[in-house]
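Each chain gets a letter, A, B, C and D, in the order it is written, and its residues are counted from 1.
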Amino acid sequence: MIGGGRGAFIGAVHRIAAAMDQQAELVAGAFSSDATRSRESGADLNLDPSRVYGSYEEMAAAEKDRPASERLDFVVIVTPNHQHFGPAKLFLESGFNVICDKPVTFDLRQAKELRKVVAKSGKIFVLTHNYTGNVMVKQARELVRSGYLGEIRKVVAEYPQGWLSSFLEKDGQKQAAWRTDPKRSGAAGSLGDIGTHAENLAHYITGLEIESLCADLSTFVKGRLLDDDGSILVRYKGGAKGTLFASQIAIGEENNLNIRVYGSKASLEWHQEHPNQLVVKYPDQPRQVWGRGNGYLSPKLQKFTRIPAGHPEGYLEAFGNIYIEAFRAIRAAVTGKKVPKDVDYPTIDDGVYGMAFIETAVKSSSLGAKWVKFPTL
Amino acid sequence: MIGGGRGAFIGAVHRIAAAMDQQAELVAGAFSSDATRSRESGADLNLDPSRVYGSYEEMAAAEKDRPASERLDFVVIVTPNHQHFGPAKLFLESGFNVICDKPVTFDLRQAKELRKVVAKSGKIFVLTHNYTGNVMVKQARELVRSGYLGEIRKVVAEYPQGWLSSFLEKDGQKQAAWRTDPKRSGAAGSLGDIGTHAENLAHYITGLEIESLCADLSTFVKGRLLDDDGSILVRYKGGAKGTLFASQIAIGEENNLNIRVYGSKASLEWHQEHPNQLVVKYPDQPRQVWGRGNGYLSPKLQKFTRIPAGHPEGYLEAFGNIYIEAFRAIRAAVTGKKVPKDVDYPTIDDGVYGMAFIETAVKSSSLGAKWVKFPTL
Amino acid sequence: MIGGGRGAFIGAVHRIAAAMDQQAELVAGAFSSDATRSRESGADLNLDPSRVYGSYEEMAAAEKDRPASERLDFVVIVTPNHQHFGPAKLFLESGFNVICDKPVTFDLRQAKELRKVVAKSGKIFVLTHNYTGNVMVKQARELVRSGYLGEIRKVVAEYPQGWLSSFLEKDGQKQAAWRTDPKRSGAAGSLGDIGTHAENLAHYITGLEIESLCADLSTFVKGRLLDDDGSILVRYKGGAKGTLFASQIAIGEENNLNIRVYGSKASLEWHQEHPNQLVVKYPDQPRQVWGRGNGYLSPKLQKFTRIPAGHPEGYLEAFGNIYIEAFRAIRAAVTGKKVPKDVDYPTIDDGVYGMAFIETAVKSSSLGAKWVKFPTL
Amino acid sequence: MIGGGRGAFIGAVHRIAAAMDQQAELVAGAFSSDATRSRESGADLNLDPSRVYGSYEEMAAAEKDRPASERLDFVVIVTPNHQHFGPAKLFLESGFNVICDKPVTFDLRQAKELRKVVAKSGKIFVLTHNYTGNVMVKQARELVRSGYLGEIRKVVAEYPQGWLSSFLEKDGQKQAAWRTDPKRSGAAGSLGDIGTHAENLAHYITGLEIESLCADLSTFVKGRLLDDDGSILVRYKGGAKGTLFASQIAIGEENNLNIRVYGSKASLEWHQEHPNQLVVKYPDQPRQVWGRGNGYLSPKLQKFTRIPAGHPEGYLEAFGNIYIEAFRAIRAAVTGKKVPKDVDYPTIDDGVYGMAFIETAVKSSSLGAKWVKFPTL
C-alpha cells in the first residue's frame, strides 16, 4: 500500500475492503512521504518492518526483486490526487498490478499518459470508484442496459456534503487541507472530490456519454482556493439531458450521493445513504422498492451479495465488491490465465473520462458557465 | 367563478378551498366558454340559473349592477392561461376583487398590463400560487427571513411529474391538450405549468431575486409543441446560486415538488408530497424534523392550522390558506377598512415576476441555453 | 350541531368536513351546555341567533316543528362521550338523522340501547370513525376483501400519541380534562379515545371479528384516573392473531395510527401520518407503494378522490369522505328514496362493537390481563 | 471454527466480521459433522489440511497440544443451536476462549450448566447477539443509561420476517429445516431464532429485567412443528411495560428488527434495516435523526466507527463490533493481562437470560397465553 498511514482516511477503508472477503493480506507499504511516519504506520499494522518503506520508489525497487513466492500480487495507491501518477506509473512499469484511488491523476494529461503506461505494461489497473460496487447500483445498470427503462431521457445525479461549509482548511484539518489545495487536489475541489463520483455513477448506470456541458462552479467559503459547490447541465450523446449537483457546503448533508434516471418506459432512483434499496417507478403501476439480496434481482449479482435481504450491506461491502472483481482479474493475471471479459470494475478509461469531465467542467465554469464540448479521448 | 365547469380540474379545487373554512359561498359563474356547458355546470353546482352566465362578459355586465346586498365580494378565474387576462381586466375594471389561478397571464406583456389595471382599480388581486399556502413552507420562510439559516448559498428546487411522458394530448385528453398548446398555454409547457411553482416556492421562501439564468428546455415526446422538461441554472442577486428542475416526463413522479435551501448556518428541505414535515439540518447537530401543528412553530402560523400535529393537512388546506388570507384582505376591502399590511398571498407582482421568469427561461433556451439577464420589472 | 363551541376541537373538524364538498350548510346549533357560551359560539359562526340554542333539548323541541323547507336534514353530535347518548336518542326520536362522533356512547349498555332507538326510528345514524374515510384504507379493505392478501394471519394495529405524557389535566387543559375523567370519558382513557380507532381500522380493513382478547392497560402518569397506555393481544375468529397498541404517553408521537395486515399471499401497511400511500408486500416481488389518485386503484374509490395523485389529501378529506357517504344516505332518506345498500360509513353496529371492545379490554385488564371472551352483541 | 461449512450461512458472516478489521486469521476448523464436507470446506477456505478436522472433538484434542506460537486464541462456534453446548464446553475445558453464536444452547438447563463451565474455566465466552454491535444501538443505550430519556415507560420491540411464510422446510431447504426442527432448534422456532434478538436488543438498550410475560405463539403454516409467529406482553421490574412481536410469516418483511423506547422525558426509535439512524423524540421539540459517525455522539463509540457519517455501515460492521470487543478481551487474556471492565459484548449471562426468556414464553403460550413469572437465574 502506498499512502494510508496515520491520520489518513481512505487507506483504512481499502484495507478493510480488501481484507473483508479474506482474499488478500497486506504485507508491505510506503504509508507516508515522511519515512518515520511510514514506519510507525507499518508498525500499527503489524507489518514486518523490513517491508515498510520510507518512499514508494524504495518500495518498488525492493519489492520487484522478491522471489515469486513473496511477490506482491498488487499494489494499492491511496495517496492524495497529485501523488497517484508517480507511483502508479512506477509500479506498473515494475510489473505490478495496481489498484488506485480516484480521481485517477492530477490532471487529464497525466491520465492519458497513464493510460499509455497501463496499455504498455499489460498489467491490471483498477480505479476505485467505489459506489459502483453497490449491488443495487449494479442492478440499476442491468435495468438500464436491458432496456427495462426504455430510452433514457433524463439523469439527475447529486452528491451534496456539508462538511466544508466553514473554512476548515484554515486550521490545517488534514482531510480538508489537501482537498482544497490546488497543488494537491488538482483544478477542482468539490467537483473533483465528489462530483466525479456522481458523474461516474451516472455513466456506469446509463452508459451515456457526455456531448457537452455547462458548469457553474462556486466557492462560497471565503479564502478557499477551489470550488466547494457546483451545478452542471449536461447534454448526452443521443439526446438525453442531465443535471449534476455536487456540493461540500450543503450543511447537514453527510454523503447524500443519489441518482434518478428517467426513461421512456420506467424510471429508477437510488440513494447511497440507503444503498440496499432501489426504487423503480412506472407510468401506470405502483412504484416498487427493490431490495438487495432478493431472488428477483439479476443472478449475476449473487456474487456481490454476502448476506440475506434485509441485512444491510454498506459502504465497505460496496468497496469490497470492487476488490472482489479486481481480485478475480488479478488472480487470473498472476496465474497466467486470461482476465475474464466480464470483470466489473472501473478502469483507466473511466479515469481518463473522469479527468476529462473535471477539465471540461472547470473550463466551462471559467468561461462564465458556457457550454463546452466534451473532448474526444 | 369564471371557468371550472364540467371536466375541469382546478375549478373544483378552488371551490373546495374557498368553502372549507365556511367563509364564502359560490353564487354565480360563467363556467365555460360554451354557454350550454356553463349552464349545465351551474346546475351541477345547484346555483340559481339566473346567475349562471354564458360568458364572463355577460356575467360582469349583469353582476356589477346588483345591489350591495347581493353583490359578489370577489370573482375567481380558473380558465386556461390564455383566458386569464380578459376576465381579470374586465372584473377589476368593473369593481370586483379578483382571485386568479396561475400563471397570471399568457405572457409578460399582459402581466405588466394587468399590473397597471390592478393598480388603477384599487381592487384586491390574488394569484393562487397555492404551494406557498403550506404551513411548513411558511415556517421555512420564517426561518430564512429571521436569519436562522444564515446567508443563503444554494437553492435546489424541483417539480418532477410523469403524467405527460407519452403523447397524451394526441387523443385530446383535456388537461394535456391545453397545457401543451402554445396558443392556450403560452410560450412554455412544463416550465409554465409547474416550473413556475418551483420558482415561486424558492422566491417565497428565500426572497432571493434572480440576477440571470441559463435554461435548457427539452421536448422529449415526439410531436409535442412545448417543452416537457427543463433544467435551469440560476444566479441570484447577492451571490447565491440555484438549480431548478421541472419535468412532466419524469415517469413515476406524481407531484414531487420539493425544495432544499442551504445556508451558512443551517439548511432546510421540504417535500410537497409530505407537506406536514420540514427537515432542518445543522453543521454539528442531528437533523430535525419539524412537524406541522406543534408549539415550537412560529405563532404567526396558528391561523393556518386547522387540526393538531400528526393529523395531516394537504393540498386543499394549503390552497385554503391562500383563501384565508385573500378573504382577510377582501373582507377589509368590502367593509371599507384598510387591507392589513401583513396579508400573505401571492400578488400581481408575483405574477409579473413569474411571467418574466418564463420568458427569460424560454429566451435562454432558444439561444441554446445561454445565460440571460433577468429583466427589470 | 350539538357541542363544538369555543375551545372545542372536533366540532370545527366536523364543520370543515361537512362544508368541504359544498353539500351542507350549518344553520342551527346548541354548541355548549352553557347557554351563553352556546350563543357566543353561534355568533362566531354567523348563525341566525334564533336557531342557536341553550341546550340540545331546546333545540330538538324548536327544530322538529319547522316547516319542511327549513327542516334540518341531519344533526351532528360532537360533545364529549358521556353526552352522546342523550342528544342522539332525542334527535332520532324527534325524526332527525344523526351523525355522531365516536365512541358512540358512554358505555356498552347505552350503545345497545341506542341501537334499538336507531332501529325503531328508521333514521340514518352515522358514527364518525373518520380514519376509515381515507382512500388508501378503503383500498386496503378492497385488497383484503377480494382475497388479494390470501388468508389473513396477523394484524398489528397501533395508535401512539405523546401529548398526555405529563399530568396535563391537572391544569384543566380542556381536551385533556374530559378525556381523563371517568365521568365524562367512560371506563377507558387512551383505549377509548384512540385504541378504538386502531380497533375500528383493523375491523374495517379485515372484517375480522374478535374471539377473545388479553389487555394490559397502564396509567403511567401519577394522579391520572384512566389508562394512558395499553397493549392488547387479540385472537380473531377463524384463527388470525393480532396485537393492538395505543398510548398517549408515547413521547414525540403525534397521531401515529398505523396498521399492518399480514396474509398468506401478500401483506399491507398503512400509516395515518402519510395517508396517501399504501405499502403492499409480496413473498417474492419488490414491495410496492400504492399512491392515492392513481388509475390502478379500485374504480369504486373514484368518488372519494378530489385531487390528482401526488397532491396529498389529509385528515379533513378523509373525514369529508365519511360525510360524502353520510350525505348520500341522508339525501336518499330525505327525498324518500331507499338508502343505497353500498353506502360506506360506520354505523351504530360499529359503535356497539367498539363499546364492547372497550368493555372487554377494561375487564381483561382489571382481571390482571387475563383472556376474556368477546361478548355476543 | 466449528460449523460454518458449505451451505451454511452464519459461518461466513463470522469469518467476514472477524477478518474485517484485520485482527484475526482463520487457521483451523471442524466445519461439518460430516468429515468429508468439513475437509472440502477447509479447502474452500485455503486452510492447511492438517488443521481441518472431521469433528470438533478431534480438533480440540489436536489443537490443545499445539505450542504457544501456533495456539488458537479463540474458537468460534457457529453450528445449529443443539450443537452449541458440546463444543463450547469442550473447548472451554480445553483452555480455549470461545465465541458462540446465539441462542447460547438448546435449552435453559444447558445454558446454566455452560455458565458454570465458563466460570470454572476462567476463559472468555462471547455470545454473538450481533445487533447490539450497531453503533446507534450503543448510542441508544447511552441515552437510556444516562437518564436522557427519563424513566422508561414502554418498550416496543419487533422482529418480523417473511421468509417462512410457506412450508419451505418440506423441501429440505437447509436454513429452514433446522430452524423448524424441535430436535435441532429447541423448544421455539421464530421466538428462538429472532424473538431472542428483539428481547436482547430491548434488554441491552434499556437494562430492564422482565418480571413476567404473557406469550401467544402461533404456527400458521400447516405441518410446521414450531412457532412461526408470536406476540408477547411484558411487564418489567420497576413498572415499565413492553410488547414484543416476532414473526417469520410476515410476508414481505426482510429483517425488520426495530425498537421503540418511550421514556418520561424523551423517546427513541431504531430500525435495523436503516441502522445508521437513530430517531430521538421529545415532548415539545422537533424530532431528531441522529446519524452514525457524527461528532455529537458519545465519544465512547468512536472505536466502533470505521467510516465517516453518511457512509453506511451495515450488518457486518455491527457483527465486527462484537468481534472488536471480543478481541480486546481475548488479547488481554492471551497476553496475561486483566480483561478490561468495560468490554462490551454479550456474555454467558445474556445467554442464560435469553434461554430463560424462550422457556418462559413457551411455557406461557402452552398454558394458553397466561402470565408467567420470569425465573430467578
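Just so we're on the same page, contacts are C-beta pairs under 8 Å (C-beta built on N, C-alpha and C of every residue); 3 or more make two chains touch, one makes a residue touch a chain.
Composition by chain, UniProt nomenclature: A, B, C, D = Predicted dehydrogenase.
Computed from a prediction, not measured in an experiment: that's the story for all the values here.
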Separation of chain B (Predicted dehydrogenase) from chain D (Predicted dehydrogenase) in touching-chain steps, minimised, is 1
Chain-centre distance (mean CA atoms) for chain C (Predicted dehydrogenase) and chain D (Predicted dehydrogenase), in whole Å, is 43
Chain-centre distance (mean CA atoms) for chain A (Predicted dehydrogenase) and chain C (Predicted dehydrogenase), in whole Å, is 55
Taking each chain's mean CA coordinate, chain A (Predicted dehydrogenase) and chain D (Predicted dehydrogenase) are separated, in whole Å, by 35
Expected list for chain D (Predicted dehydrogenase), residues touching two or more other chains, is 253, 280, 287, 291, 294
Contact graph of the chains (line, ring, star, complete, other): complete
Listed in rising order, the residues of chain B (Predicted dehydrogenase) that touch chain A (Predicted dehydrogenase) in the complex are 153-154, 156, 160, 162, 165-166, 214, 216, 218, 220, 229, 231, 233, 235, 241, 243, 245, 247, 249-253, 260, 262-267, 280-283, 287, 368-371
Touching chain A (Predicted dehydrogenase) in the complex, chain D (Predicted dehydrogenase) uses residues 9, 12-13, 15-16, 19-22, 26, 45, 161, 253-256, 272-276, 291, 293-294, 306-317
Counting only contacts in the complex, chain D (Predicted dehydrogenase) reaches chain B (Predicted dehydrogenase) at residues 280, 284-291, 294-296
